[in-house]
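What follows is a pair of complexes built around chain A, which joins chain B in one and chain C in the other.
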Partner chain A sequence: MITQQNFWQHNKAVLMFALVALTMPLWFPLIGGYSGLDTKIMIFCIFVVGFDILLGFTGYLSFGHAAFFGISAYTTGIMLKNFSDNIIPAIIVAVAAATLVALIIGLLTLKRTGIYFSILTLAFAEMFDSMAMSMLQKWTGGENGLTGMPTPMLFDLKMQGDTVFYFCALMAILLYYLAKRIERSPVGLMMKAIKCNQTRLEYTGINARKYKLLAFVLSAMYAAVAGSLMVVYEPFVGHEFLGWHQSGEIVIMSVIGGVGTLVGPMLGAGFMLYFENVLSVSLGEQWLLVLGVIFMVVVIFMPGGFMEAVARLKKRFFTTIDGE
Partner chain B sequence: MDMTLNAFTLSLLTGLQLGSIYVLIALGLTLIFGTLGVVNFAHGALYLIAIYLAVSINNALGFGLALILVPPILFVIGILLERGLIQRFYNRPHTDQILVTFGLAIVLQELLKWIFGANNIPFAIPSWGNGIIMLHDYLPFLEGFVVYPKWRLILVVVSIVTVAAVFALLHLTRFGLVIRAGMRDAEMLQFMGVNINRRFMIVFGLGAMIAGIAGVFGGPVTQVSPEVGMQLLVPSFLIVVIGGMGSLGGAVLAGILIGMAQSFTAPYIYINTIIIYLITVIILLVRPRGLLGAKGVFE
Partner chain C sequence: MAILDIHQVSLSFGGLKALQNVNLKIEKGSTHALIGPNGAGKSTLLNVLTGMLKPDDGSVMFDGKPLLNVNSFDINQLGIAKVFQTPAIFPEMTVLQNVTIPVFAARDGSFNLNMFEGRSRQRPLIEFAEQQICELGLENHMHSLAGSLSRGDKRRLEMAICLANKPRLLLLDEPTAGMARHETEKTIELLKSMNDGITKVIVEHDMNVVFSLAEKISVLAQGQIIAEGSPDEIKGHPKVIEAYLGEAQV
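Coming up: the complex of A and B.
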């Protein structure tokens, strides 16, 4: 039985996130953020939370999640352009399409160890990138990208400015809550067992591949929602949505923030986009170089990312004599 | 499709030439993976360093010096990277190794972009390698007038010589014997009192040096711009997977296979863009450990 007190206890993190997210338009401009960037941060929060279900829980490092982000973005664009300017059918079809692709790629890439998985996911994403530039040019617009979408509508509501932000923020809160639920569920436990010791898990008679595939497809669905919202936010899709840069960005966000903590990768996403768009003004062209160095320093000295830093500080300053 | 003997010969040569660069990159990758167990995402960036060094030295001091200097410099860079960075990751999860080499790839690529700019730098081929070769003079079965760029044939020859040298080193010397034993079972070798760490360092340097050779001769063909590293890394990874991870013979075989596949599908643009992925999928389904992959290695 979940008592009322338990409910608050269990969902403290989600409520904190909701508070931070929903008040973002108030405080974000104070630190130099501009309107629109907050929406993008919410979208990437969705992307990285999903990515953490795969990387954080099962330990499988995908270098190709841009594929699902991009496929969904293209599908959304095509749906908005040719079917209806209502975003609901567009999002549903886009996520379904990306999920199907994820299922096929997952079945192919999860056959062997994590090393194969990283290489092959990178390769398949590159495949979609080059397909978008050649055989699918007619639909994707090739080099120029997909443009000319009408203003997206949520039934009678125009998706512009703050409306888009609150829509994305609510989606992010909902999907973060869902990820938290998955983490606490028996399925989440299985996923975490894969990261711990896959061989041992299999010896207990459990089909680990089933849970790996589930984690992969779930994370692809999160990526797909993010990709779809990206088009709602800005009516343009370029092939860079599918490229390794995009996949790499997600990896960097997750690692800098703290893999496996769900909230860490979101911090990472916020930090990276803020860094890329606000702090980079003083760094100019070299912002990616600086970010790369930060990333390497984190990987070498602080593999747990920001969350590890927080934990270390807490330990240093808040440890009492009688223990933790 | 009916293909004339002329067209067939040209496709064959182009396939060999494409395969040559892939083989050189993949050889270093699979060597490093096989011995150190590290998937080196920065290998494309090592090639990038090589082509930028080669083009700078070539344009300032001539090709001869580039050829003499670049491979040893890359060898040293490889050793420094292994000592300074990679060796800290032997005892960490594979994920961390991939992450740190990926970070390194970004840093190196951005650094080179900062120094040399994002645009392609023209790489002048030395005069003795310029021009074309009259193939019909050498191959009597060809009809009429058939030519091929000289430099691309030189690239093929260099690749063959490099592969032969690596195989000779591994199969004919005592050093090679130890390395091959290390690829089988590094732990056992340590029990027998072999200083495996020093050899690991040299292997990493060797992999980087092969990328250096690839850069000196491949630079004029692949162009010299910051994107080239990643563009080559993805097919090279797939070649390592198709050939069997850690298998040198497999890398050579798969490299040529992919080169040929790309060359012979060139008239069909749609198939051409995805042929390498199609082959990978087929191999994964039919023979998951790769063409020449040893049983039980990372299965």
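Coming up: the complex of A and C.
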């Protein structure tokens, strides 16, 4: 009985996310969303949840996570094109490749903190961007991007339309659940302690560097899964996948949603993509300006993002009911 | 038997000789105070013991194991904990979470990949953390944010963090600095009551604290140990008086 109650309490957020995600094809068109955008939202949910393991838990702001997203996307494309149209080996190889790169970049960049860490990660991502455009052109297609992939297959299942959506949604639910598990584990506690007081943590017998590297690699793996799914969703890879704009967008999604809450960044991702693709049409050319203003308002008045607003509303309503 | 053996340790910052051939033996289970005027090298010596500073020369042995060139976290895992001058805690975490960290550090070592283990399922460990918190009189703040505690309570929390992974040697860097009189008295009592064989090294300016706690006192001045002995011996020691009065005249 107690364990059942615990299960509900621990997994309430995951179950609610699963409900919202899996019913998305039903309600999303009602608010103007088109099919395909819902898939993209699921993919970016994966990206930002992983990013929150690094930024939200340890407080390290990476401006280079597009590198892992892009490397994985290119690897997936090349695998689908040259090896097999089955997505499973493609995803596994792509995530493994990005993980390896993340391990090396992490070892080098985590020697620094704060702005220096951010700039280093940005520099590495830009390095991969320019490599994709020059020496690796033969593989990446350079300016034209990587095209000519066959229709991706999940064994005998064609990855098209709703199939892709449900595949991505299930991945997002699974990966969100795993992120929640990490948050509740001793590892999650150590990662969050890095953000609070790294010196005290080291003097408490914890090797903070290893936990930072773990957070960095985990977040890169999430980015890699997202990058790989992007190619399954749309068989094209452009070099903008690797660009600083992509890295920046993830940061903005996280900040708007609420850094460190896991669910907040996903809200941010949903909001940003909905705004960019649906609301931008009715707002016309000024949409970026409006987005900028929204971002500023959130950062100035609600530094905790959407989740802070949710928490404030909850507090207001529950205090009147409980009389606290 | 000496649990800590500092042998001929020297350290310079540029031209400044912060420590010069320091020899110090700390007896197991004793409370040993390090005193001396400002800039004498007391904190520097503590930083050498915790792995934060590397001496130019000399050796440090803790319970038969060398301490030099060992990482801070490994030194802590060996059984040395440090209480900082300004309480070092995890301010954005609850008091219970603060103390849970060393409890898991004691079980898992400096790094462990147990990513999917639920912390709350480890009832005995959590209960041990709760017990530590109660022992230091913070039971009413169990779920408060550590950053919201009063300074005295923050100090108590830091002690709970340090004691939770059962150290054998506790280093205290001015544990009562900036405290009101009654808080200081409370801290003295807390340190006195902690008599489960933990060796304590206290750096302190407040002579009241030193004389009510220490069994042995070493006096540092300009990076050298100029006197060592029981509190009574130190009180009347001419070199000590000179070192302190010398400072007062400047």
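Observations
The rule is short, and it goes like this: the second predicted complex is superposed on the first by the 315 of 324 C-alpha atoms of A that agree within 3 Å, B and C clash if a C-alpha of one lies under 4 Å from a C-alpha of the other, contacts with A are read in each partner's own complex, and residues count from 1 in each chain.
By our rule, contacts are C-beta pairs under 8 Å (C-beta built on N, C-alpha and C of every residue); 3 or more make two chains touch, one makes a residue touch a chain.
Quantities reported herein were computed from a predicted structural model and do not represent experimental measurements.
With both complexes brought onto chain A, simultaneous placement of chain B and chain C is permitted, the two fitting side by side without a clash. Residue contacts after overlaying the shared chain place A:V299 against chain B, while chain C stays out of touching range.
In the overlay built on the shared chain, the residue A:S185 is in contact with chain C alone; chain B does not reach it.
After overlaying the two complexes on the shared chain, residue contacts for A:L174 are found with neither chain B nor chain C.
Of the two partner chains placed by superposition, only chain C is touched by A:T199; chain B is not. By the touch criterion defined above, A:N207 reaches chain C but does not reach chain B. Touch criterion met: A:L289 reaches chain B, while chain C stays clear of it. In the superposition on chain A, contact is made by A:S118 with chain B only, not with chain C.
Chain B and chain C never share a C-alpha pair closer than 12 Å once the two structures are laid over each other.
On chain A, the patch touched by chain B and the patch touched by chain C do not overlap at any residue. Contacts from chain A toward chain C in the complex involve residues 6, 10, 178, 181-182, 184-190, 192-193, 195-197, 199-208, 210-211, 214. Listing the residues of chain B that touch chain A in their complex gives 39, 85, 88, 92-96, 98-100, 102-104, 106-107, 110-111, 113-114, 230, 234, 237-238, 240-241, 245, 269-270, 273-274, 277, 280-281, 284-285, 288, 298-299. Only residues 50, 71-74, 76-77, 81-82, 84, 88-93, 97, 100-102, 104-106, 108-120, 161-162, 165 of chain C touch chain A when the two sit together in their complex. Across the complex, chain B is touched by residues 55, 59, 61, 63, 108, 111-116, 118-120, 122-124, 126-127, 130-131, 133-135, 244, 248, 251, 255, 285-286, 288-289, 291-293, 295-296, 299-300, 303 of chain A.
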